[in-house]
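Here come two complexes built around chain A, the first alongside chain B, the second alongside chain C.
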Partner chain A sequence: MLKVEGLRVAYGRLEVLQGITLEVPEGKVVTLVGANGAGKSTTLMALSGLRRVTGGRILFEGEDLAGLPPHEIVARGVVQVPEGRRVFARMSVHENLLMGAFLRGRRDAARDADHVFSLFPVLAERRSQRAGTLSGGEQQMLAIGRALMARPRLLLLDEPSLGLAPTLVAQIFEILRAIHAEGVTLLLVEQNVHQALSMADDGYVLQAGRIALHGAPAELLANDEVRRAYLGES
Partner chain B sequence: MSVGGAQFAQQVVNGLAVGSVYALIALGYTMVYGIIELINFAHGEIYMIGAYIGTLAVAGLLALGVPLLPALGAALLAAAALTSLYGAATERLAYRPLRGSSRLAPLISALGMSIFFQQFVLLSQGAKDKIFPVEISSGGFSAGAVKVSYIQTAILAVAACLMVALDQFVRRTRMGRAMRCMAQDPVMASLVGVPVHGVVSLTFLIGSAMAAVAGFLIALYYGKVNYLVGYIAGLKAFVAAVLGGIGNIPGAMLGGLLLGVVESLAAGYIGGEYKDVVAFAILVVVLIVRPAGLLGARLPEKV
Partner chain C sequence: MGALRRRFRSWAGDPRFAVPGAGLLFGLMALPLMGPRRAAAVAAGVVALRLIALARLPERWHPVRGAGRAVERMRGVLPEPPPWVRAAVPWLFVGALAALSFALDPYTLDVATTAGIYALLALGLNVVVGMAGLLVLGFAAFYAVGAYTYALLNTQFHLGFWVCLPVGGALAALFGLLLGLPTLRLRGDYLAIVTLGFGEITRITLNNWDTVTNGPNGILGIAPPSLFGHPFVHPRHYFLLALAFVAASAFLLRRLDRSRIGRAWVAMREDETAAEAMGLPTLRLKLLAFAMAAFWGGVAGVFFAGKQLFVSPESFNFLESVMVLCMVVLGGMGSVPGAVLGALLLSFLPEVLRGVDQYRLLAFGAAMVLMMRYRPSGLWPEIHRYHEVEEGRRG
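Right after this comes the complex of A and B.
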């Protein structure tokens, strides 16, 4: 479904992505892990059309997305839940969801909002509340719900469990499994390497702008380097 | 009503009329700032161009034998439509190519556009006042000693309609919601599929159309325009926008009305030559007490 080939992105003269190649097959969950500053968010932003690509290709179903404006990428079904949730704080929960469905019809949006409310009952209770007043976990649910409103075919998630209490982390991963079960393909960026690998079909390790390792989750979990660097084992 | 009370009420009425014009212009500043954080220094000139187009259109329509009221209405619409194209073209040609560069570059470009428009109108229309081709009756409605002229009534009515319409547009429509999203988080707005350039263009179209309406109303009110009227009006409207809280739409409305009323009271009670002093003194005091303006956010609400 998605094939990234030799992707390069630079901030000024600093080349942050130095030729990344990865693949996300349709219907799978692929995870991209790596230390802070490795370039994970930059990768997702480039996929969403928000970083200028200086080299390589981003093939989504054969079409190169590099150079397309972000809204055209959303229109093709590649939707991102960015790092830090970024809910529209001064809008209500319901308005946030409507914004997620910006490119879709009104009637579809109403139906999909009901679906999101069934996935996240807590959002239904708070539908007229300002998003800025929600707790961190609720904001993350809203951010995911908002992305679902765009009817993603490929959902890009940037550290959805960041800063959440363990019970909430488990809940978020539960939701991600449910979303995947509905047929959405996932590219999941996580620091929570164990959880991420446990639900993934395939994993990539990003190190300083390059793919350092690629393999099945079980392989990566067994890899000494991964265990040391990301699973806190010595 | 006592004589003092009547004078006060009369100054308030006059102030509301002028203030609602400031408010219409201020909305353009504040919407653009809210969305791309640019102070569009050329906005006063957009207002001036609206006043010219309106004046020329009325003259043309009357010469063609169109009756007065339809001519005024059609000229107003023509001024709004054509001027909004000037505004959107300015953004497209002078600001958009600079987006993503330093913050200063578009500001300088805006100053340049302001001078360009002044000179353009000076060269094409001359330095002399252009006289509004119709003398509007000085009559009006009166309540006791307080008089509201027909023109003031028209200004208040048109401005009120536009402000209500804008408020509803921004609150309830899909594109209005997109504007609010851009103001809060432009990156996230593009991630939900908002065509960012399109929304920016739309913002300039709307802001410029409202400035043109303001220009037309003022040309009608004072009976003339010249190529420099955009400077002072633009400055006043900018002050109004800052007073209300730049980036905040109700704030621009409030700031405009307040500025108009304060100026008018100062002119009535202290003397016309002091009205600008008083207006700017109030701005300074408000900004000391509330740096973000009257309705500005106290804290950044971005997460």
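Right after this comes the complex of A and C.
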């Protein structure tokens, strides 16, 4: 479904991504792990058109997305849940969801909002509350729900568990499993390596702008280097 | 030094000094404006208001909060009016104003018509500054484009008002797009500076392009608008036309504000990156805001030319842009009724203070400072904007 070939991104003269190659097959969950500053977020930003790509190709079903503006990419079904949630704090929960469906018709939006509310009953209770008054976990749910409103076929998630209490982390991963079960392909960037690898079909380890390792989650979890670097084991 | 400052602080905070101090300050400010007797009244009024605020009256006696409470209570008692009643209220108000126009003298009607033109301008500027959150400082340029469109098309080609109205609006919108395309990648202050420059370029061009615009002498002999073959002769005709324009604009823009586009502008204002990530075509949304604001500016300009029957570059200077911006800020950025309210207040205020015209700007400055202190989100705030400001205040 998504094939990234030799992706390069530079901030000025600093090359943050030095040729990333990875593949996300349809219907799978692929995770991208790595230390802070390895380039995980930059990768997702580049995929959704928020960062200018300086080299390489982003093939989504054979079409190169590199250089397209973000709304064109969203229209093709590649949608990002940005890091740190970034809900529209002063708009209501319902308004936030409608923004996710901006590119689609009004009637579809109403139906999809009902679907999101059924996935996240908490949001239904708070539909006219301002998003800024929600708890961190609820905001993350809203950010995911808002992205679902765009009817993604490939959902890019940037650290959905960041800053959440353990029970909420488990809950978020439950929801991600449910979304996956509905047929949405996931590319998941996580620092919570254990959780991420436990639900993924395939994993990549990003190190200083390059793919350092690639393999099945079980292999990665067994890899000494990964255990040392990301699981805090010596 | 530090001790002195501390002492001053404690004085300023002590009502025994602060209350008469405020009275004295406002009295002195009012003195050149309205003479000793009225200035004394102002000082007394300020002292009285400060005392009321200090007295910690029970809430229902508080001049502002008490009224708010009373309204809340009334809402609780009275049944919620059916939607058609609520929708009818503004139209009844417009109808009442139209009826009232037959009782007003020509002078008042003329002032009210000018206020209407400013209301159109403020409504337009509010789209780009208030709703989309892009600071534009050269708004008078679009006003000028509209006015000169009618002036030139009418005097040179004898085209009528109703033909020139959409043409002037569209031409101004085109100018908006031309200005927006290269500049909208700029954010905040930079955009403000560029638009300021654009406003000045437009005025200077009008001033110097003698062969077309007749330079600083302006264009005379514009024909008044006519309706069904009857030319506009009485100030009431203009007033009714302005009223209709403002009412229709407010109605349309209020709907726009509550539409998908309006919400998208709010989202963009809140977090542009997140908005982009959600697939909002931000550049197109900004261009749309620019073009719409410019369109209203152009329409106001055509109306202005049709009313004054004379245009010159002087009417479109930087101060004019600032005035309209003040109206938007005073009324409450992003709020449609606020824009109209701000325009009415700032247009009538100088008339009330007639004869002390040279102090107009001083009064403006004072009004703006007071606003920022006591009601930073405007007199009739838009709800999202209100939260933005209130959260900012709480820090």
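By our rule, the second predicted complex is superposed on the first by the 234 of 234 C-alpha atoms of A that agree within 3 Å, B and C clash if a C-alpha of one lies under 4 Å from a C-alpha of the other, contacts with A are read in each partner's own complex, and residues count from 1 in each chain.
Everything below uses one rule, namely that a residue touches a chain if its C-beta (ideal position, glycine included) is under 8 Å from a C-beta of that chain, and two chains touch if they have at least 3 such contacts.
What you are looking at is a predicted structure, and each value in this text was computed from that prediction instead of being measured.
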| item | value |
| --- | --- |
| Simultaneous placement of chain C and chain B on chain A, clash or fit | clash |
| Which superposed partner A:L213 touches (first chain B, second chain C, both, neither) | neither |
| First, second, both or neither for A:M199, with chain B first and chain C second | neither |
| Partner chain in contact with A:A75 - chain B first, chain C second, else both or neither | both |
| Contacts of A:A229 with chain B and chain C, given as first, second, both or neither | neither |
| Partner chain in contact with A:Q139 - chain B first, chain C second, else both or neither | first |
| Chain B and chain C footprints on chain A, overlapping residues | 48-50, 69-71, 74-75, 79-80, 82, 86-91, 95, 98-100, 102-103, 132, 146, 150 |
| Residues of chain A defined as touching chain C within the complex | 48-50, 69-71, 73-75, 79-80, 82, 86-91, 95, 98-100, 102-103, 106, 130, 132, 146-147, 150 |
| Residues of chain B that touch chain A when the two form their complex | 174, 177-178, 180-181, 184-185, 187-197, 301-303 |
| Touching residues on chain C, where the partner in the complex is chain A | 260, 263-264, 266-267, 270-271, 273-281, 283, 384, 387-388, 391 |
| Residues of chain A that touch chain B when the two form their complex | 48-50, 69-71, 74-75, 79-80, 82, 84-91, 95, 98-100, 102-103, 132, 139, 146, 150 |
